[in-house]
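Note that chain A is present in both complexes that follow, paired respectively with chain B and with chain C.
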Partner chain A sequence: MSLNRLLIAKPWIWSFAATITVWIVTVLFTGGASSFGLSQAALTFAAFSVVVGIGQMFVITLGPGNIDLSVPATMTLSGTLALKLMDVQDGMIVVGLLASIGIGLIIGIGNYVLIKALRIPPIIATLSMSFIVQSVAIWSNRGLRIKPPETLASFATSSLFGIPNVALVALILSIIAWVLLEKSIYGRWISAIGQSTFAARMAGIPVDGTRLVTYMLCAVLASVCGYLLASFSGGAALNMGSEYLLMSIAVVVIGGTAVAGGNSNIPGIWGASLFMFLVVSMLNTYGFGAGFRLILTGLIIIAVILLAGGRQSLR
Partner chain B sequence: MKLSSGTIRLIIPAASLVLLLAAVFYMQPRAMSYTGLNLLFNLAVPIALATIAQMLIMSVNDLDLSMGTFVSFCACVSATFLQSSPALGILIFLGAIATYALIGVVIYVRDLPSIVVTLGMSFVWGGIAVLILPSPGGTAPTWARWLMTAKPPLVPMAIVASILIAAVTHYIVMRSSFGVLMRGVGGNDRSVERAGWSVLGLRAATYALAGFFAVLAGIALVGLTTSADANIALRYTLLSIAGVILGGGQFVGGKVSPIGAVIGALTLTLAGSFLSFMRISPDWQIGAQGAILIVVLALRLALNRLEKREKSQ
Partner chain C sequence: MTKTLKREEVVAARGVRVTFGAVKALDGADLVIHAGECIGLVGHNGAGKSTIVNVINGGLTPHDGSLTYSGREIHGISAARANGVRCVFQELSLCPNLTVGENARIMHAELKGWTWRNRALSLVETQLKDIFPGHSIDCDSTVDDLSIAERQMVEIAISFAGIDKRPKLVILDEPTSSLDAGLAAQLMAYIRKFVGEGGSVLLISHILGEILSTSDRIVVMKDGRVVADRAASEFSTRSLVEAMGNVVREQEFSRSVAARAGDAVLSMPPRRGHGLAFQAWRGEMIGLAGLGGHGQTEALLDLYLDRNSNWWPKRQREIAFVAGDRGLNGTFPLWSILKNLSIASLGQLATNRMVDRAREETLGAGWKQRIEIRTPNMENRILSLSGGNQQKVLFARALATTASTVLMDDPMRGVDIGTKQEVYEILRSEAANGRTFIWYSTEMDEIRLCDRVYVFRDGAIAAELVGEEITEKNVLAASFHEGDAA
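Right, the complex of A and B next:
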């Protein structure tokens, strides 16, 4: 009984249980030889999903209909422009980071202006915005592949005490996000808005300001992720963000955040991101082709949500 | 003169389509011909069908993120099985439609978010499509090719097809009792349930119907392109959602408009041609498409305000 209550109170336990299962199954297949390399790769790639996932989570917490589809375009634009600005000079690393944060802020404000001023549903507003952002990225990229500065590239690809640096960055960002969500007034506000916007407004919560900040936060996290990803993979590519659109939504939901809003959790995003990467690598080690891999990934997402959905009906 | 709110909601999509068309004709008078119109709107037919499918799902307050991959899957089946052994192809399509009905049931029974379930399904359809056609290829069934390239007198096929789609779906969604119930589920499923109808059955039927229209979209697409590819229609997911919204539909409340959805799909297709006539550099074409979307929606807002002001007077 108490175990049941624990599972209901901490929905993220599910995603971690699934992650550990998949990890064991994969390592068993390779006879234990790959356990370290696999864990490192999983942490690295999960880190990128975690950073965009946290942003998406804040937006989804705002309630039904709130979603940010401009995440991939923002990542691409920020990666492209930051690398262009830094121009392989180590001294410009901080400037590049600030520039990408600035890009995120502008895109976030743009998104919310469309939502608020034109009363466009967020899904369409962020979609239109992403078209425009993508165009700017195409125009500024021109097919050139600029390398990241030496120091930045080696920072993004190396690790500290066996833990990849990007995972550490993601961890720090998650802790900040956790404090924001659980301990700050801002976190209470977004949960309140997600549960009932009307009640929140009546209670005197600055609904518009909070929503604006949330969309800005999401865009900034996406652009920081784009900056890191471009440094990690040795250059920005125009399609570098594309897989993170579905990924950012999937990790949030599998991680146990309520899609209807008002209830979110950060540990679950880690569990789900690791899980999503490990599933793909498990299917790879078992030698499945691309088609089967996609089908199984889809079925697993549906299976997880079926199990998790049953949890909500218990309440 | 009194207009129903449904008619008013149609004015903006229709007006923006006419305006865009006028702009295209002004820049390229040669487009004002049978062939020109056919070329402009040809690709709109599969998009319109996919938009209708998305609209059906949206009428019961759900969203289908697997639309693009499902249409791609249908295109792959059309270009392979439906062409070589039609019976098997039709069987696969029936299975796919049954799967759609099943998804509708599962989403309702377990009270799941449709976005996530269809997100998962988008991987499944994409995977099956890759298995069927690992590399671009296949051949369109002769009849699909004939249908899509037919040249009826006076009005080009693309226009005839669009009007036909709009008329048929308008009848189903707005006039038939099934359509009323379906929109009722979107508006307030509890009252529909209490009135003695099976919400479960209605949702299954709505999803199946959406699956059917998506299958038609896949066949129509292959009829135009003559061959298929597992990624052929990925952008249809977002295009179909944008088309429904552009046509005056709403995400919740069962407020949808089939005629508006078809007009929305035509507008989106035309926007592409318009931009290439404007000689906008390819870099900015996607961005300009986003800008057009924003402008049209802003116009809609302005009209809504006008409508409200008239009501209050």
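Right, the complex of A and C next:
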């Protein structure tokens, strides 16, 4: 009984349990040889999903209909422009980071202007925004692949005490996000808006201001992630964000955040991000082809959403 | 009544009881409708008019009592329709995306076969011409394109129309609410004609003039019971208003004497370009009265939203709001009682925009004691409380803020009498401390607690009553169009 209650109170436990299971199965298959390498790879790639997932989670918390589909395009544009601006010079690393944050802020404002001024539903507003952003990225990239500055590249690919640096960055961002969500007034406000926008408005919450900030936050996290990913993989590519469209939403949902809004949690995003990576690598080790892998990934997401839905209706 | 007993009973509801939770919507009401008569049904909001209409048209099954159609006891919407009962609702119930003819098809299942469109069209057109001669409605257009008055006319026409058999009883709930005087007169004339041919009409209206002139018999409801049932000729506007009202009780408290210091704290120009302007002074308790849905809630929302930025948080809250419709704009269902209480005053509970849990808990404990929220733990979810206690939390939410003005949107709906008394006490002491309360209430007892009352009618302020003028009679008189009598 008490175990049941714990599982219901802490929905992120599910994603961690699943992660550990998949990890064990994969390690057993390879005879234990890969356990350290697998863990490191999992932490590295999960870190990118965590960063975009947190941004998406804040947006989804705002309630039904709120979603940011411009995440992949924002990552691509930020990675492309930041690398171009830094132009392989170590002295420009901070400037590049600030530029990518600036890009995120502008895209976030653009998203909310479309949503609010033109009264377009977020799903369409952010999708159209993503076309604009992606086109700017294509136009500015012109097929060139610029390398990241040496120091930045080595920072993104190395580890501290065995933990990848990008995972540490993601951890710091997660802690800040957790404080914001659980302790700050802003966190209360987005949760209130997600439960009932009208009630939030009548309780004196500046609803539009809060939503604007949230869309900006999501875009900034996406562009920081693009900056990190481009540095990690040795250059920006035009399709570098594409897999993060589904990923950013999937980790939020699998992590136990209520799709209907108002209720979110950050540990679950870590569990879900690790899980998603490990599933892919498990299927790889079993030797499945890319097509079958994608089908299975889709099925897993559907299964988790079904289970999560069942869990919520039990309450 | 003895005279009419010989006539055929179309519908008879006797001793009907309907309860919604703790609320007794109908408490042993009797309503018998005979063929060839028009009955006027009047009463306050919440008196049970709509409930008894829903019982008669089969939408609600009474929990107690008997309901017979032409002497046979049957239930259900289809049974009611089979017995010739038709209903025109206050909220228009046409499908806006269909044409007038297609809407007629929905009501009249007999319109079958290849040519149903043409037959539906001619049916509605004939009927419209019968009721509203000289109308200019194009029956081929979709309902979307019609004005609100035209929609109402179409709905009335469809209900009176009959192919094989005419309806026996047509229930008209506020049929003239969006018709102008000319159209209303045409409708009233048609009702008399329909009744003369042996049909029956149950007419619900807040326009007492048309009730008095059109009905044969008037039934007055109050608190779920029928309190008067007499021939229309025995009523006058005055006696009808009196029959609807409560017995005026003695005032058991003294109103604060109007001591208006300085400028008004809140003001609003006349709404919809007519009526009176709204003004409120510090420490006043102002009631918004009138029939439900005549613009009081909209006025409160306007007052609130005009003074609350949607973009920037305010350092100092000036105005707070207590919801009446908790599910719509009051509670946050996923949250604990404490979080629901503190949400409006987080600014004063925070350092550097971070909520201080200890101060929040102190605030919660203080209000739990002061307003007696009945829960073992403020961390319990808000939905674990009864409705009345949830309402107390919403009161505490508004009173805990530093706001000098509190707007209340009929907040005592579904609240038991004990809680009400506790809240009245708190309101009085807060008003004495200089807070201004603006209170929309559908309950006369609460309106009489106010220092000053604005009576709303058709979205605008129709009258202002001060101090001793606030009586049920005056409020009711200002709420109704007195028709020709005025």
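Descriptive notes on the structure:
Definition applied: the second predicted complex is superposed on the first by the 315 of 315 C-alpha atoms of A that agree within 3 Å, B and C clash if a C-alpha of one lies under 4 Å from a C-alpha of the other, contacts with A are read in each partner's own complex, and residues count from 1 in each chain.
Note that in this section a contact is a pair of C-beta atoms (placed from the backbone, for glycine too) under 8 Å apart; a residue touches a chain by one contact, two chains touch by 3 or more.
In this text, all values refer to a predicted model and were calculated from it rather than measured experimentally.
Contact with neither chain B nor chain C is seen for A:Leu28 once the two complexes are overlaid on the shared chain.
Once the two structures are superposed, chain B and chain C can be ranked by residues of chain A touched, with B on top.
Contacts of A:Asp208 after superposition: chain C is touched, whereas chain B is not reached. When the two complexes are overlaid on their common chain A, residue A:Asn263 makes contact with chain C while staying clear of chain B. Of the two partner chains placed by superposition, A:Leu160 touches none, neither chain B nor chain C.
Of the two partner chains, chain B is the only one that A:Arg293 touches; chain C does not reach it. Of the two partner chains, chain C is the only one that A:Arg188 touches; chain B does not reach it. In the superposition on chain A, A:Ala199 makes contact with chain C only, not with chain B.
No residue of chain A touches both chain B in one complex and chain C in the other. Touching chain C in their complex are the following residues of chain A: 179, 183-186, 188, 191-192, 195-196, 198-209, 212, 258, 262-263.
Residues 304-305, 308-314, 317, 320-321, 323, 328-335, 339, 343-344, 346-347, 350, 353-355, 397, 401 of chain C are the ones touching chain A in the complex.
Note for the complex: chain B touches chain A at residues 63, 65, 106, 110-113, 115-117, 119-131, 134, 238, 241-242, 245, 251-252, 281, 283-291, 293-294, 297-298, 301.
Remark: chain A residues 64-65, 67, 69, 114, 118-121, 123-124, 127-136, 138-139, 246, 249-250, 253, 259-260, 289-302, 305-306, 309-310, 312-313 touch chain B in the complex.
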